[in-house]
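Shared between the two complexes below is chain A, which has chain B as its partner in the first and chain C in the second.
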Partner chain A sequence: MEPAVKTRGLTKVFADFWCRPRVRAVSGLDLDIVRGEVFGLLGPNGSGKSTTIKLLLGLLHPSAGSVEVLSRRPDDVATKKLIGYLPEESYLYRYLTARETLDFYGRLFDIGARQRAERTEQLLEMVGLAQAADRPVGEFSKGMARRIGLAQALINDPALLVLDEPTSGLDPIGCRQIKDLIVALAKRGKTILLCSHLLADVEDVCDRIAILYNGRLRAQGRVKDLLRESARVRITLPSEAAGPEEKLEEEMRRRFGPEVEVGHPVIELESFFLDVVQKAREGHEPDSGVGHEAGVPEYLRETAAGPYVPRGGGGEC
Partner chain B sequence: MLRFRQFTALAALAAGESLRQPIFLLLSLTCVAWMAALPVVLMHKFGEDGKLVREGALALHFVFGILVTGHAASWSLAREMRGGTAAAVLTKPVGRDMFYLAKYAGIVSVAVAFSVCAALATLLSERVSERFVADPVLGGYVTDWNTARMVFSGIIVSLVVAGVLNYRWRFPFQSSGFGLLAGMLLLTFIVRGQFDIHGRLSPMLWAYDWRIVPASLLITLALAVFAAIALALSTRFPAAPTVAACCGVLLVGLVSDYVFGTAASRSFAAATLHRVLPNWQNFWMADALADGGVIPGWYLLEAATYAGVYSAAVLALGLTFFRRSDVG
Partner chain C sequence: MLSRITALAVLAMRAAVRSRVFVSTMVALCVMIVWVPLNVRGDGTAAGQARILIHYTLALALVVAGTGAVWTSCSAVSQEIESGEIRLVAVKPVRAFEVWAGKWLGLMALNSLLLLLTAAVLCVFLFFLTRSSWGGDGPSTVRERVLTPRRMYEPVSDAVTEEAFLDEFTRLREEGEIQPGVTPESVREPIMQRIMARRAAVGPGESKHWTINVPAGAMAWAGERRKSFIGFRVASASWAGRVHGEWKVSSPAADGEWTVPATDYADGYHMIDLPGSLLPDGGAVVVTYLNGSRDESDAAVFSGKPPVALLVPSGAFAASLARTLAGMLSLLAVLTALGLCAGTIFSFPVAAFASFSMVLIFLLGRYQGASSEPLPPDVGFMMAFAEGVGLRMARVVNMVGGPVFRAVTIAQLADGLAVPVSRAVLSVLFLAGLYPTALGAAASLILSRRELGERGK
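And now, the complex of A and B:
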């Protein structure tokens, strides 16, 4: 399949004012991101993730190597029409309101005034900022700014969505919403490049990942393949069928050796938190912060195969 | 069509962001209030009031215009390049050339908006200034206090209304304050244009010193050149060094005729510097208005050509830097 992103020997060396080499941020990176996949770029702080993304977006000029995004040069204006980008920090014009911000970014694309207004309202609903639509974004908290940053990245219904630390500064509900959105967009065949150092986020949604360290590619492959422990097996039984834990453990150890562990499965904290909030909302508790988010907007849900159906239980996220 | 829409959106954003900066309203208000106060503080100069007020007001227009434009140009691009908003915009289908030129257009439109205010204030201020009138009934030294009162009231009303708009409907105080200030100055200009300096109704009299208009226009051209220089510098330097470099360019450009012009015939280096550095004296024609002098149309055209060519050259240089620079 034709790659959405292809880099060969991509290198970026930052220079000082006198053009002397200062930092080698990315070194000889070969990367292939297939169209329609959710690709995770992992690495600790300073590993070159954000620099790689900026090179892919044409914001930085490579010191060596080549970059192709959607089969074109990254700084080609035609390429940018198909890209949505959520930066690591929410870079917003602080004197514009949330609505003005979305309208401004919409104007930069070939979107008619009516459609722009519709999308603006839908996105404000989606990110839960409809009530704060006329407030200057300079007054927003970090989480709210992040939400408006996400909304601007989706205004053009992009074919390639680049998310740099998308869940940074968001509450667990916002994190879950981002993951739902990624899944929804992936179902529509969109390519998503997700850059994060939060491993749980990446593990939940990515098809393939690459791990960078010190500007170099250290590992790359399918998440399931990379995380599978071939040497161990897990069995899940209903409590009634298993009987008392101690007895079952004793039986299993006698048969398979001392490494056997028996216990109750634990749900993820995120699922537990979401469950608590959901119950509070059902009790109509007043909410002084971000309003209730609407679902993914209609124009981001439409697929050739039919409408998008949100995922079920919180434990799957 | 899309490119035009993108360009106008970016230019409007650059202008809007500058207009909403508190310092813009502060500088504009100070400039207008100072101009309005000139006839008061320069009272009784034996017929020289008009000249002193005119030259003082034009000087304020130039100095405050440089501050407004320099701040808008240097902070706008430098801050956006280092703060990340430029990166966010450049990931949209916007070329660097368009981004850069739209920024310039936005900053120049701010300079024009400021200049309109300053020119109106200069015209009104000159009208207020004391002058000798040879009239058998109302003759002697006359000051148009009605116009002065209306100008000062306009400043206060614009601030109060902007405050109310902000409190009641959350209108941005800075930009609505500036818009109201401009509106009040225009209203005063139109209303007082229907009266003579004694306060008698004389419809369509327009008793203003219209020679001020071309002088203000020249200063606006200087601001456009200055904006191009500040913008070009901000592609390479952060905001503070850009402002410092702009100050240097301003000072050297002001003394260009004296330092390099006089030595141009003897020294190739002086001649080159005289041609390459911006010559702000080309845009300062307040002296020409003394003793009833006027600025001829051909001079305006020549100055506009000089400003256009110089700005284009500086913008091209800045664009070259901006294309090669890393953003974000």
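And now, the complex of A and C:
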């Protein structure tokens, strides 16, 4: 199958005013992102993640090498019809309200007025901003701006979703919601390129990852394969069946050697936090700002008719 | 595509309305168009007040709106690039020219609004002026002299022929005013001016004739209440500051003649009423001036361009006002396009500087092109080369800027002259069509090639 994103020898060198090479941000990057997968792009600050994303979106032009996005050039209008992009920073118009923002970006995709209105309402519900729909985006907190940014990235029902630090500035509930959304969209066959510093987020949702350092690709593969410790085995048992912990550890060490460890597994802090908030919400009204989030909008849950033919306005451009 | 352009246009309008520049422009405009009519005093007549009102209000509106248009348009693209907002638009299926067209249309909608506001205020003031008992001439003079646009018909060309020029040159050389060895070309300009000055003067006891051809259908708007005039600008050659003379207007085709008895005319512009039945609807009209002064030095000089003109009612004031506004809007269109183009290439301060510099170059280039005289042959090569380059550049600037200057018809409107449809159409075609299209194409090309991922690059 043709990859959703394909780069060969992709290089980006930033030059100064006199066209002298200043920084080599990306160097000889070969990347293949398969259609329908969630791909994570990792790396420390300055490793070239954001530059790579900008190259894929046509916001920067490569100094060398080639880029193909959905089998076309990234600056092709036909390609852009199929892409949703959440940038690292909020580049939204501060004077537009949340509803106007979605309506504006919807119009850029030539989505019909009725469909635009429907999608706008669904997306506002999904990101929990229905209550703040008529407030200017400039008044939003960082988390709320992130949510509306995500909503605009989904207005065209994109085939390829590019998320640059999607959980940055979000509370744990928002983070969970984004991750759930990514999983839901992936099940629909969408291709998602995720760029994040939060390794736990990437680990939770990505099928494959690539690690960049100093503009070069250092590791690439399936998350499970990369993280699996083949030399060690983990066994989990119900407490009742295992009996006293000290006795079990002694028994296991006698059979398998001194490296055996016995203990209780711990749940993730995120799961614990969400559990506490959920219990608190059951007895109280939601606070101001971000309200209850609804599920994934109807138009994003529909089964795809074809791998890269978006439904609704996105495909009618 | 229309949906995208409309969305971008509305966004550009909203962004501009929120900018301090636009608010300042609005405030300045409101102050100007209300303050000026209430405070500027003309020659004491209602017609003079109406002329000043029209001229000052529209000219100030053009200057304020033009400055605001350049400033706002420079920031429209450049600040979006600097803030990164354009990135989210650039990754959507929007072509660069759609971004440009949307911004231009949005800003033009605001410019139209500003001009309509100005026109509305002007009309309100003119309405009150035609109903007030101003000065001694009253509202009827305002309606007759200013608010009835007239088409100007000029006399048959009185251009200096080559033969007349050479005759004058030979005479001056024989009289010793021109040294031997001086070529005719090197003294052409002063000799031409001398001949024209002599022709413009009418000595005491002398008379001068001008023949004006009136095309068929020209008198369609003329009538008892909408009179035709003979307009002329005259100056006395002596210190008197007044000339004394008699006017005679005859029309061989209509077999009519009209004589204005000998009168004193102060230096300046004058208009003489003509009876509607005198002028033919197609044919020649002969205008004669007889200098009735007895003092030998008291020549009357008709130095206007044209020296004498027949002014025939043509169309309604509203139509001429609309054409003037169309010309002004066209000028704002090209200024907006210039600002947007500069904003696409440069950061905001540089774009604003570049745009205003361009406007200044066009303004100065106009005078440079018009006033430059050839250098004497003994200047050095570098000087001659620099002068040659400067002159050529001035010519290019004049060629490009010609339609820009011709678009402004405020003076004609204020002088009670009809603004021809052709002039408004040409202004719209060139300034609101051709020039913005060319600037838009250049800006779109640059925008599509520019790396928008780099903030403020």
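Quick note on the criterion: the second predicted complex is superposed on the first by the 300 of 317 C-alpha atoms of A that agree within 3 Å, B and C clash if a C-alpha of one lies under 4 Å from a C-alpha of the other, contacts with A are read in each partner's own complex, and residues count from 1 in each chain.
Basically, a contact is a pair of C-beta atoms (placed from the backbone, for glycine too) under 8 Å apart; a residue touches a chain by one contact, two chains touch by 3 or more.
Worth saying up front: this structure is predicted, and the values here are computed from it rather than measured.
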Clash or fit: what happens to chain B and chain C when chain A is overlaid? clash
Based on the superposed arrangement, let me know which partner A:57 touches: chain B (first), chain C (second), both, or neither? both
Once chain A of both complexes is superposed, is A:110 in touch with chain B (first), chain C (second), both, or neither? both
For A:183, is the partner it touches chain B (first), chain C (second), both, or none of the two (neither)? neither
Just to be sure I read the superposition right, which of the two partners does A:136 touch: chain B = first, chain C = second, or both, or neither? first
Across the two complexes, what residues of chain A are contacted by chain B and by chain C? 14, 54, 57-61, 75, 77-78, 80-81, 83, 85, 87, 89, 91-93, 95-96, 104-105, 107-110, 152
In the complex, the residues of chain A that touch chain C are 14, 51, 54, 57-61, 75, 77-78, 80-81, 83, 85, 87, 89, 91-93, 95-96, 104-105, 107-110, 152, 317
Quick check: in the complex, which residue numbers of chain C touch chain A? 1, 3-4, 6-8, 11, 14-15, 18, 83-95, 448, 451-454
What residues of chain A sit close enough to touch chain B in their complex? 14, 54, 57-61, 75, 77-78, 80-81, 83, 85, 87, 89, 91-93, 95-96, 104-105, 107-110, 134-136, 152, 156, 162
Seen from chain B, its contact residues with chain A in the complex are 2, 5-6, 9-10, 13, 16-17, 20-21, 83-85, 87-96, 170, 172, 324, 326-328
